[in-house]
Structure formats: structure tokens, C-alpha cells
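Please read the structure below before turning to the comments.
Letters A, B, C and D name the chains as they come in the text, with residue numbers starting at 1 for each one.
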Amino acid sequence: MLKLDAHPTGRHFLQIPGPSPVPDRILRAMSLPTIDHRGPEFGVLGRKVISGIREIFQTRHPVVIYPASGTGAWEAALANTLSPGDHVLMFETGHFASLWAKMATRLGLSTEFLSWQGTDEVLPNAPGWRRGVQADQIAQRLREDREHRIKAVCVVHNETSTGVTSDIAAVRGAIDEAKHPALLMVDSISGLASAEFRHDEWGVDVTVSGSQKGLMLPPGISFNALSPRALDASKTAKLPRAFWAWDEIVEMNATGYWPYTPNTNLLYGLSEALDMIQAEGLPKVFARHQRWAAGVRAAVNAWGLPIQCADPAVYSPVLTGVILPDGMDADAVRKLIYERFDLSLGTGLGKLKGRMFRIGHLGDSNDLTLLATVAGCEMGLKLAGIKLQSSGIQAAMDHFSQHPAPALTA
Amino acid sequence: MLKLDAHPTGRHFLQIPGPSPVPDRILRAMSLPTIDHRGPEFGVLGRKVISGIREIFQTRHPVVIYPASGTGAWEAALANTLSPGDHVLMFETGHFASLWAKMATRLGLSTEFLSWQGTDEVLPNAPGWRRGVQADQIAQRLREDREHRIKAVCVVHNETSTGVTSDIAAVRGAIDEAKHPALLMVDSISGLASAEFRHDEWGVDVTVSGSQKGLMLPPGISFNALSPRALDASKTAKLPRAFWAWDEIVEMNATGYWPYTPNTNLLYGLSEALDMIQAEGLPKVFARHQRWAAGVRAAVNAWGLPIQCADPAVYSPVLTGVILPDGMDADAVRKLIYERFDLSLGTGLGKLKGRMFRIGHLGDSNDLTLLATVAGCEMGLKLAGIKLQSSGIQAAMDHFSQHPAPALTA
Amino acid sequence: MLKLDAHPTGRHFLQIPGPSPVPDRILRAMSLPTIDHRGPEFGVLGRKVISGIREIFQTRHPVVIYPASGTGAWEAALANTLSPGDHVLMFETGHFASLWAKMATRLGLSTEFLSWQGTDEVLPNAPGWRRGVQADQIAQRLREDREHRIKAVCVVHNETSTGVTSDIAAVRGAIDEAKHPALLMVDSISGLASAEFRHDEWGVDVTVSGSQKGLMLPPGISFNALSPRALDASKTAKLPRAFWAWDEIVEMNATGYWPYTPNTNLLYGLSEALDMIQAEGLPKVFARHQRWAAGVRAAVNAWGLPIQCADPAVYSPVLTGVILPDGMDADAVRKLIYERFDLSLGTGLGKLKGRMFRIGHLGDSNDLTLLATVAGCEMGLKLAGIKLQSSGIQAAMDHFSQHPAPALTA
Amino acid sequence: MLKLDAHPTGRHFLQIPGPSPVPDRILRAMSLPTIDHRGPEFGVLGRKVISGIREIFQTRHPVVIYPASGTGAWEAALANTLSPGDHVLMFETGHFASLWAKMATRLGLSTEFLSWQGTDEVLPNAPGWRRGVQADQIAQRLREDREHRIKAVCVVHNETSTGVTSDIAAVRGAIDEAKHPALLMVDSISGLASAEFRHDEWGVDVTVSGSQKGLMLPPGISFNALSPRALDASKTAKLPRAFWAWDEIVEMNATGYWPYTPNTNLLYGLSEALDMIQAEGLPKVFARHQRWAAGVRAAVNAWGLPIQCADPAVYSPVLTGVILPDGMDADAVRKLIYERFDLSLGTGLGKLKGRMFRIGHLGDSNDLTLLATVAGCEMGLKLAGIKLQSSGIQAAMDHFSQHPAPALTA
């Protein structure tokens, strides 16, 4: 057995914004014996997860489940709906928006990447990485596109690299206002099942998501939630696709099966995750993450360090980016915290490498898990020589004391 | 928890040719907590599996590990090496060869599908599905292709739909003899780690494989083993690709990491599988499957039913196809066996639907597992009213008694 | 991790008459995190198993659950009801009856050990080990005991060393007929939840049982089912006792807790086992074991080897003893079968060491498991040079084919 | 499956002084399939744990492993060495010393229970429950016993009910000084593998221990470590015993087996625990608990609440008792903390019910686990209306920051 248990004692605190800590229930479910993916028992499992996942996306339309990690679902969204050379409008909210844009280009699309035009004193090199999608910029660009050359607008719902959650309904509004036929494609990989998300109500055409965030599964499953317009688009789209092709999957899913071998044991985990989320109820799931996020932000504010998200209206309930004083190496602080306190934090990605770290507040956590996380951060920041204004742990404890979660005992 | 344990008692016998029965050791390994895929512990895991998997393919060159099931690795092989409209030569060995050819066409390639030209009394509608790849047909076709329009020869090593294992070295010989520059791409999804396979020595350019057969993992991981020529071809190939693109993966794999989120918990399983295979030794692994296959064939011969593979030189060590008397519905027999004896057998695929069933003899099995399987088949065949010539279970017991496996105790 | 998985491949066949093969469901349940044995969640668990286990014993009276293996529950039965020097009547049905008698003597009781008085050609040195308790011998002895010196009659319900199940109702009848006040104490360690057992209806005062047989748990839990008379007796009994004392346990059990630390994780397993047995239904559980036993006996009869139990009326549904031809070393045959076929069989115990082996047909098994077991035995017997009259595997297959179990799919 | 996972999210914090949090490694080991306790594989396991457990007790003499929880091992120590009516000297260090004395009386021994003779303002009704064993009182009593009526001195090493660790070497010194032949019997149920303990060097005759504390296993296994003098005493001791009798166990243990069915799956856990402790090294294990204890005490001191142990020389490294202000119901505070913060604390036992709670700092924990625990206590105390002098969490964080543990990465 691999020596992943090599730490002297205790359980590692995995407080990165995904993969999130996986509940033991789900790990146990995944250890059920693999079954025949063409047998009758599989059909029962298949129909359950195919139907159940729609509730999480808040959609009545098909959700395609891929036996592949999330990056593949990005490709699937583009390849099923677009043709070589098609023009797509994307918006730079952070590292993952940038990677999706890079992928679109690589697949032969013409990619236009809008950015926020303001300036930012704290992060002068990445001002847009502190804000959400600017729906008005998109609206203006679409109005200008009288020939409807833009075939899709692609935005990230919850930017895992920054801790900013964009207003998707506003983007839909921008498209509608411009009376533009572009498809709306949204990456909610780290938002789904943690931050409110309404595929149908918000008029999203394709939502891309993955297993290893709010669903609390290990990585290895990803999703495309579809709209009827997206399905229509797929009938004429010309980008080559086979593994990602919706047509055969959607057709076979009707009976609970897949056209190729699905990821059986992760589907066991998905089934268990759906049970857990359904038992708690989606609104409570969202409220829980909001409450956790507020507690963690109380700590960061007490420290006197800037929260990366500069707009309180779009604070992410899933993670909080913490910007370090100029000259401090955030990765050195992370390493110190990892080695001294057995706590993993998210690294600064892309333009922000070394400038900040990210605290994940999702997955199999509770108040004490997050207080332990705050304590680990606070000790590490001090040991690294960073002056903190006041006690973050005290602020977080005050928050959690004053804002009780729903009672534990049902 | 999903009621997959709903059978009254006992463990289900999963004797399909994959997903194979997963050893408890591997299921336990997969239940280790998910870790940060960018942290130091992951690097140790990554380097171990990236290096260890090469030994299984018998190659010194890179093996790309995808967090996706096997069908994706087919697409990866084609998309990384070929350009739209390229001509590929494939050979009809069965259902999976047909599906791969269909995929190639769908991706925009020009697909030429050779078939065996003989006749077969038992399966007149699918004579080629009882034989392996005919290297001489390929040699002749390549000789005729003086302009080298054929860019790749694609064949299946172990046809999971038929129980025929083709001679890959002979195909390489045919290409060499014709002095043809076509790449040789081989699907060994169900052959790897069960049937002898030598990527380097046999001059394969891309080998496609998956996790859920000889590696004894659940589905969800797949592979492309590369040759230097394949890597060269990928630099100029024009089919669009992103998720499947070798370049970034091979580059980042050098440090033990992936450019996107890998399938962490299945990699735990892969690590465990590599330990198990290494401890037994590949030659013993291959011998074990050959011995099992001979025992099962002894039973089928005793029954007097035709083995699907008509050429003893290419019997598969992984599975055996059993052809039923004309007029019998093989799927009805399978259903009876499933319901009465808690035993899953492989269905007849494509052209052979209802004509035959497949017995898998791979994965977490032993002599008694296979004798139980033979007993279940024999009882089911009789209950279905099929006359059998003699006792298959007796023949299999005689075989296993007279051919001892290596001693259990090391 | 301990290398218990060191066998090359496949799952070991544990066909001894206990510990029985443990279902994965139960092993998974046992891996839930240990909780506070004084906390509210524990009370829920405690009340469930304390109440549920009564249904298995078919009693309305208290069942004491010990965090100890079965031998302890023997001691508990004696120590709670008897005083030093008390006279107890026991009956030699085999090795475990002998051990219980030895324990009674060791604890300072006066032990009288009745044996069957006939002769037996096959096992001349242990004729009584082929038959059940003789109620008429007990009746006669009790009639003679006019002064009621005998304080308890102790018998074994299902003799694990022989494969004989005694008629407990007949023993009760013998006591009643003699109008004798002796307590009736019964060891049903290997009978409970496999062979019909009715604590209340049969008028048993103390039933002793354990976890590792019909309940399909690992060893580590044992039971005393009580009658009101037994509880009365415990108020005046003078053998010293503390850990085994019923009084404090029965009192605290009323709330779902124990006076000392219970065996928490095995109680998780017990809870799961109760769910499984309740879902199947006790009558179906008993019928299942009877059906399996008949199939195994069909094989032994076909081989022409004597079944140890000489009286078909008391064949055990749990295990079958197989007597080897004179001069054959049964343990050498067992070793051969273990090493060649990864199959564990029960050894001959006490007087029968080397003369016989025992096939367990209980726990997490199904028809194919038992056919594999029969196949392993038959191959091993032949390899050891023993002449068999006819095919046992064929006889067992015929039995299971002709006597269908309830359908797998509910 | 039992709904022990019913909490909305996150892992329960089990910070009671045992059962301690069980590492996942051990839970996984316990889920290995049960094997034949008379087969060759079991012997390997048996020999490993029988030999390995001696290192933990720091003894060269036999350690008996019982398939029963710790209370049984108390009885075993007494029953194997003493005869009815024997006089034993015990010392009131707290609830568990009292229970052991009560058991001795129940078993028919003549029990003399010494108590500390001072007064205590904080706990006037239980002054001795704030101090360790007073070796000088024992010495004096033994000197007075010129006829050597006292057969054994029984003391508790680490009082789980109080958080006081007694000086066992001093007790040995008292016996030696008095030249008294009494056996020294020590309960180190909650001390073993957390607090320094030296069976041989300290001249202990019988050490009693259990699995669910420093060994980090679930409850269900207990121990008697023996001395040659204890073994001698057992040859003439007259208390009846069978299950607990050392003679047969010690004899059969020589080959790695037990005279009755052992607790197989918990032995898997023990094997894993021994591996973990050996890898860390006993001195580091002890230092780790001392460091944790100091951090927790720093918090209690900062709160201004009395630590139950009034003598810093004998602070327990395993748990800390926290005494609440007069008039506060400690169990109500514990309930509040349990319901609001998913944290279990130990209840006040016996004389101290409602006056205090106990924080366990043992088992599968790390710095952040304990900081989370301190945070949970601090929030709960405040919510219950208790005035705290200063920030306990800050004091604990300062302690852990200033006293680094050994580096995580080996």
C-alpha cells in the first residue's frame, strides 16, 4: 500500500478549493465491487444518478456524465456546439477562464478574451482577477456584433483561482438585452453544489462541471448540462468529436446505460453524494457554504490582509483568496504551514503565483475544521514573520458562535 | 448506500471480459483520502505510476495516463497523430475493431476496413470474427500503396468481443516488409497485463489500453503508450485536440504531475495494481491466464460447443467465446445463469448478439472461481435445454488438477 | 499493511464452519469511525442491536451481548447461574461439548458427562460423535436424581466438530417429563442464525452464542440469551463473576448502553448483520442453509465417503463432516487442498484429528461458492490418491439445478 | 447501513480520553477478510502481534492478548494470581481505581482502599482525585503488614477519570523498601503507548491494558503483561477462571495461536498499530503526547479554570480534566459543544459528575485537531455564560508555534 498515511499521526487538513475533502461515506461507497456495466443492477444505478444529477444543476434537461475529469468537459462543451473557426467571446476572471480560452484557441476556434478595464492597486498586474464577469462589457460587445459572428459567450461561474463568483443571470440578461443568438456556456466546476446555480432559470446552454468540488467526490467525473438550444446546435456543429459526443450518450442514457464503459466506482460515489445532498437539501447546502465563507473572511479581515475578491457582492462561498504583503513568498508560507501543521492550502495560479494563497471552505468540513484551518494559517503567517493586525481565529470563532448552523441532530 | 449488495448472500461472480473482478486490496487502496494533486505527496505517487506503467507495456518510452475510460484513449491515439482526411487501414477482428473504425470515420479520417475473405460454417455472417488479423492481407495492401497514402495501420490485439488474440509482431513484420512508413497503432485494452504484449520489441507506435481488464482496476483510467515516431507525428498532426494532447502531459509528467486534475483515487488503485503485478512477475501473470484459458476451453470442448476462436494459435488467454446451437438465444441463457447462479457472463456484441456468450478468465480469480463459473454455465446450459456431449466441469477439474499453478505460499 | 493478500490472485475460499466468510457489507460497516460509547449516537446503536438480537434468538427476554469471543459466553452461562460444587449434567456430542465440560470442571463445578452407549464401526473410538444428544438418557438420569442434585443440563445444539444438530425441544421434554428443576443451558454458537433455534418456545434457560458463524461477523462478540428462571438463579448463584455478571449489563442495556466499554465497531457489524437477516427473513435463512447442506451431502454421498453424522434426522445445515478412508491423513489432504486450491476446510478436532475434515456451508456464500468448494475437495481427494465412487460435483450440480433457491432479484 | 454518518457534513471530533480517534489505516486493516484462526496465515499474524506487543509494554515476558474489552483484563489479573479472601491493597486515584476495587470485592477478595488524606478547596468531596498514588502511604501500610497478609498492591497508572498519571516506579520502590512480597498490579489501560510505561524496569507483576487508547484501535482487545512472579503465583491461585486463565493461552501463544477463537479482525488492527508505533518510535510517541498535553493545559490556564490534576509533576499526557465554576453543569456545557460543534468531550465520572469535563489528547490527532478542540471548548464555555480570563486558543496556538513537533516529512 502506498505510504500516503506516512504522517506521524492525525488526519491531513485538505483545505484547497478542490479536490475537496471526501466524506468517508463516499469513499466507502466507492469500494463496492465493480459490476457489469451492461447488467440489470447497473441500470438501476445509472437511472438514479442520471436523474438525480439534474436536480443539482436545477435543470429538467439532459446532463451528460463523462468518465473523465473536468478539463474534458470544457472540451466537450465547445466541440459539441461549435465549428472550426467559430468566434467565441470569453471573459478573463482568472486562471481557469484563461485556460479555457487557451483551449478554445487550440481547438481551432477564434477566441476573444474580454478583461475588466479598471486598475487595482493591490494586484496591478491582474486587476480583473479581483472582480467577476462584467455583464455590461459583454452586453456592449454583443450589441456591436450585428452580424452575429459570436457563436458563444463562455464565462466561469466560480473562479477557483480567485474566489470570485460571477453573476450568471446578469450575463444571460446581457445576451437577451442584445437580442443576440450566442449560446451561453458556463464553467461551474467549483461552484456546483456549493454556490447557488440554476441552469434552467438562468438560461444557460451548457454548464460544465466536475466531481471533486461541491459534490465531494474524488476527481474523475465531469458533466455537461444541456439546453434544448445546445442540443440543436450540436446537430450542425462541425468540430470533430467522438468520446465527447452528446448524441450517443444522451440516447443511451435514457435506459440508464452508456455507449462506452462508464466510471462505475465513481458513479457509486456520485450516487452516495446525491443522497447526502438531497438529505440536507440544496438551500441548506448553499447556506452552509456562505456561513463558512463569512467566518473565514472575518479572520482574513481581522488579520488585515486583503481578500482577493474586491467586490463583496461576488465573494465566493467556496474559497477565499488571501493576498500577502508585497515581498512575501506565499508559496514559502504555504510550505511552512504544510510541513508544520499538516494543512494544504491552494497555491496562487498563473499571474498570481507566489502572491496569494487560497483557503477552500467546501467538502467534508465543519466549523471546527475551518477554525483549525484558520489557526494553521494564522500560526504560519506569524512564523513567516508577517505582522497581523488582530486575531483572526478570534474573529472566526466569534462569527461561528454568533451564527449557529442548523442543529446537528435531526 | 446503494443496494448493490441486495443479493441474498454470497459474492457475485463477475466473469465478463472486463471490467474484471477488482481485488479487495485495490478497492481498499482507492479508499485512501484524496490529496492535493499539486502537493509533494502527489508527486511521489505520480512518479511511481508513470514509471511503473512502462514496465507493463514493456516500453522505455512515455506512457500517457488519461483520467478517462478506454474509448477516450482510442480517440487520443488518432487525434494526436493524424490530420483531417488522413487514410487509415484497419482490420475487422470483431465488434471493437468495428467501433474504432467507426470512431476514426467520425473524427474525419478516411477509414479502410479490411476483413478476412474466407467463409465460416458456424458463423457465416461474421467469418472474420473467428480469426485474428491477417498480416499477409495488410502486407499486400501496403505494398500496393506506393504513394504511402496510408498513414496508420490500426489493429486490435485482444478482441474482447470474440476471444481472439492477434499476432502484433506479424503486423509489424508486414509493415516492415512493405517498407511502408505507416504508424502501427494497437488496441490492447483487454490484452494488457493478461496477454503477452511488447510495445517496444514489436515496434508499436501507439498502444491504447485501459484500467478495467488485466490491471484489475475499475474503469476510469486509460493509456497511450508512445514511440518516438508517434511523438514526432504528433508535432505535425492537425486533428484538433486539447484534453487528449500528449505534449503538455508528457512534459509535466516528467515531474510526476499532470496539466489538469488527475484521477487521484484511481491512481492509488493503479499504484497498488503495479505492486501486485510486479510481485508476481509479468511472465507468471501471462502464464496464469494461459492456464486458466486452457481449463475453460477444456470445458467448452467437453460440452461439444464451438469455441468462437477458430484458430488455436490465437486463442485468447483473457476470455473464451462460446457459440450456442442455432436457434438458442444466448442472452436468455445468460439471464437464466445470472438469476439462478449469481454469475455475470459477457453478452454477444454487434453481429453476434444472441448467438454466443463470453466467459472472462481474468482479474481477481483463481482455479475455484473459474470452476464455479464453468459449473454455473454448465447448469444453465442444461436448464436451458441444451444437450451437452460430456461433463465440462470434469474436464476443467482434470485440467487444473493435472496442471498445477505455482505454489500459493511464497 | 499485513500481507494477508499475498496469494497471487483471487479470493480465498474460507469454507470452515466458522469464522464464516464475512460479507463485504459487514466489513464496510465495521470500518465506520469509532464513537463515544457514552454519547447519544451510541444509544441509538445500542438500542437497535439489543432489541434486534432478540428476534434472532426468538426470545422476548434479555440477551446479554459480551465484548468477548464465544468461549467467554460459556463461562458466563455457568458463572451467573451456579455455585461452587454444583452438579451439572452434560452430554458428549463432540469436541466442543467436551471443552465445555472441561471448563465447568475447571470452574469448580461437579461435571457429569453422559455419552451415547452404542458402538460405531466407522469411528469406534468416538461413536457418540456421530449422533445428537440422546434425550432419553437425560430423562432417565434426571428421574434417578430424586434429590435434584443436578442443577443444570448443558447441551450443544449444533456440534461444530461433527456436523450434528441436536433436538433441543426433546431435551426440554425430557426435563419436563422428569419434573426436574434443572436449568437447561444450550450452546448454539454455530447454530444461531443458520439452524432453526427457538429460545423461548423450546424452554431454554441460557443460550450461549457467538458472532462468527451464522451472524457472519468476525469473532469478538458473544451472547447469553436468558430466561426468567435463569435471571432468578443468578440472584443466588455464588460463583464469583464480574465481567460476565448479567445484573449490571441487563440494567444498563435498558437504555442502550453498557457498564463497561463495548466492542463498538463489531456492534456496527452486528447492526448490519441484523439488517441483512431481517431483510431475508429467518425462515428463508434456515431454508437456505438446509438447501446448501443437502447439496454438499449429495456430493459426499456420490464420493462414497461416510458423512460423519450417522443420523439423517440430525444432519447439520451448517457443516458436513467427511470421514476419510482408514489410513489417510485428513490434515495432509486439507493442506494439499489449501495449497493447491486456496480453500480452507475445517480440521478434525480432538479424538478425530486426522480422520476427517469439515466443510462449512454458512456465511457469505452462494451455490457457486459451494460448488467451487466441492470441486476443490474432489480434486484434492483424488490428488491424494483416494478412490471416489462417482462424481460429487455432478451430484451437487444436479441438486442445485433441481432445487432452485428463491429468485435473486426481489 | 447504520446512519452514524447523519451529521450534515464533516468529521466528528472524538476528543474523549478513549476510545480514541482510530486512524483510517487501522480501520482499513480491520476490513481485511476474516481468516481461519487455525490456518498458516493466522500463525504469521499471531506471532507478529504476540512479539510486537511486548515492545510496547517494554517487557521480555509474556503478554496475554484477550479477545475482550479492558474490564475483562482487570478480572484476569486478579483471578489468575489470587485466591478467595486474599487481601489486596488499592489506592483511590479516581473513578476507575474505585471500579477496580469494587470488582475485587465482588470477586471475593478482601479489598483495602487507601485514599489521600489531605483536603482540597476546589474539589472538597474528592481531594484524592486531583493527585496520584501516594507511594509513602503504601510503604507505611506495607511496613505495618508484618504477616504479609497483603497479597497484591493494585494501582492505576493513568487515571482516565482525572488526568493524573501516577509514579509507578515509586510504588515499586515502596514495596521493595518494605521488603514486602506483595505483587504489584497496574492498570495502564489509558496510559499504554501514550505515557511512558516500563513493565520490566518498574518491576510490575501484572499490567492491565486495552486497545482503545494509545494503541488507537477500537475497543475489543485487552492485555495482561506478566512477570515471572505473576506466572508463579498463577500456579497456586485458587480463584476460579477459565476464559481468563493464562496457562493455556501462554502455552499456545508460543506457536502464534490461541486456545479459543481470537478476535481476528481486531488483531489485524493491532498489527497495523504496532507498525505505526514502531515506525514513529516509542520515545517520539510519548513526547508527542506530552507536547499536546502542554498545549491544551496552556489553554485551560489561560481560561483561568482549574486543571483537575493539582500536582504538575503528574499531569497526564493523555487527557486533561477541566473543572468548571461552582454551579455550572459541565454536562450541559458538553451537550452544547456536542450539538453546536460536533465535538465529543469526556463526561465527569462518579463523584465528579457534572463538575468537570475531560479533553482527550491522544489517538489519531495532530496540532490542528487539538486547536479545533480548544476552539470548540472555548466557544462552548462562552456560550454557556462562563467568564474566561483570557484566550485559550491563543495560548495553545502560541504553544504549538513555539514548540515545533518533529518535521512531518521523513
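Observations, loosely collected:
One rule holds for everything that comes next: a contact is a pair of C-beta atoms (placed from the backbone, for glycine too) under 8 Å apart; a residue touches a chain by one contact, two chains touch by 3 or more.
The structure presented is a predicted model; accordingly, all values stated were derived computationally and were not measured.
Of all chains, the one whose mean C-alpha position sits at the greatest distance from that of chain B is D.
Just to note, of B-C and C-D, the chains joined by more C-beta pairs in contact are C-D. For this pair, chain B with chain C, the centres built from the Cα atoms lie 46 Å apart. Inter-chain centre distance (chain A to chain C, centres taken as mean C-alpha positions): 55 Å.
If you average the CA atoms of chain C and of chain D, the two centres end up 35 Å from each other.
Residues of chain D in contact with two or more other chains: 1, 5, 11, 24-25, 28, 31-33, 40, 338, 409. On the chain C side of its complex with chain A, the touching residues are 1, 24, 28, 31-33, 40, 409. Across the interface of their complex, chain A is touched by residues 1-2, 4-6, 11-12, 14, 16, 18-19, 21-22, 25, 27-41, 45, 48, 66-72, 74-75, 79, 84, 103, 106-108, 210, 212, 218-220, 239-243, 245, 260-266, 268, 271-272, 338, 344, 347 of chain B.
Considering their complex, residues 5-11, 13, 23-25, 280, 284, 288, 338-343, 363-369, 371-373, 375-376, 378-379, 382-383, 391, 393-394, 397, 400-401, 404-410 of chain D touch chain A.
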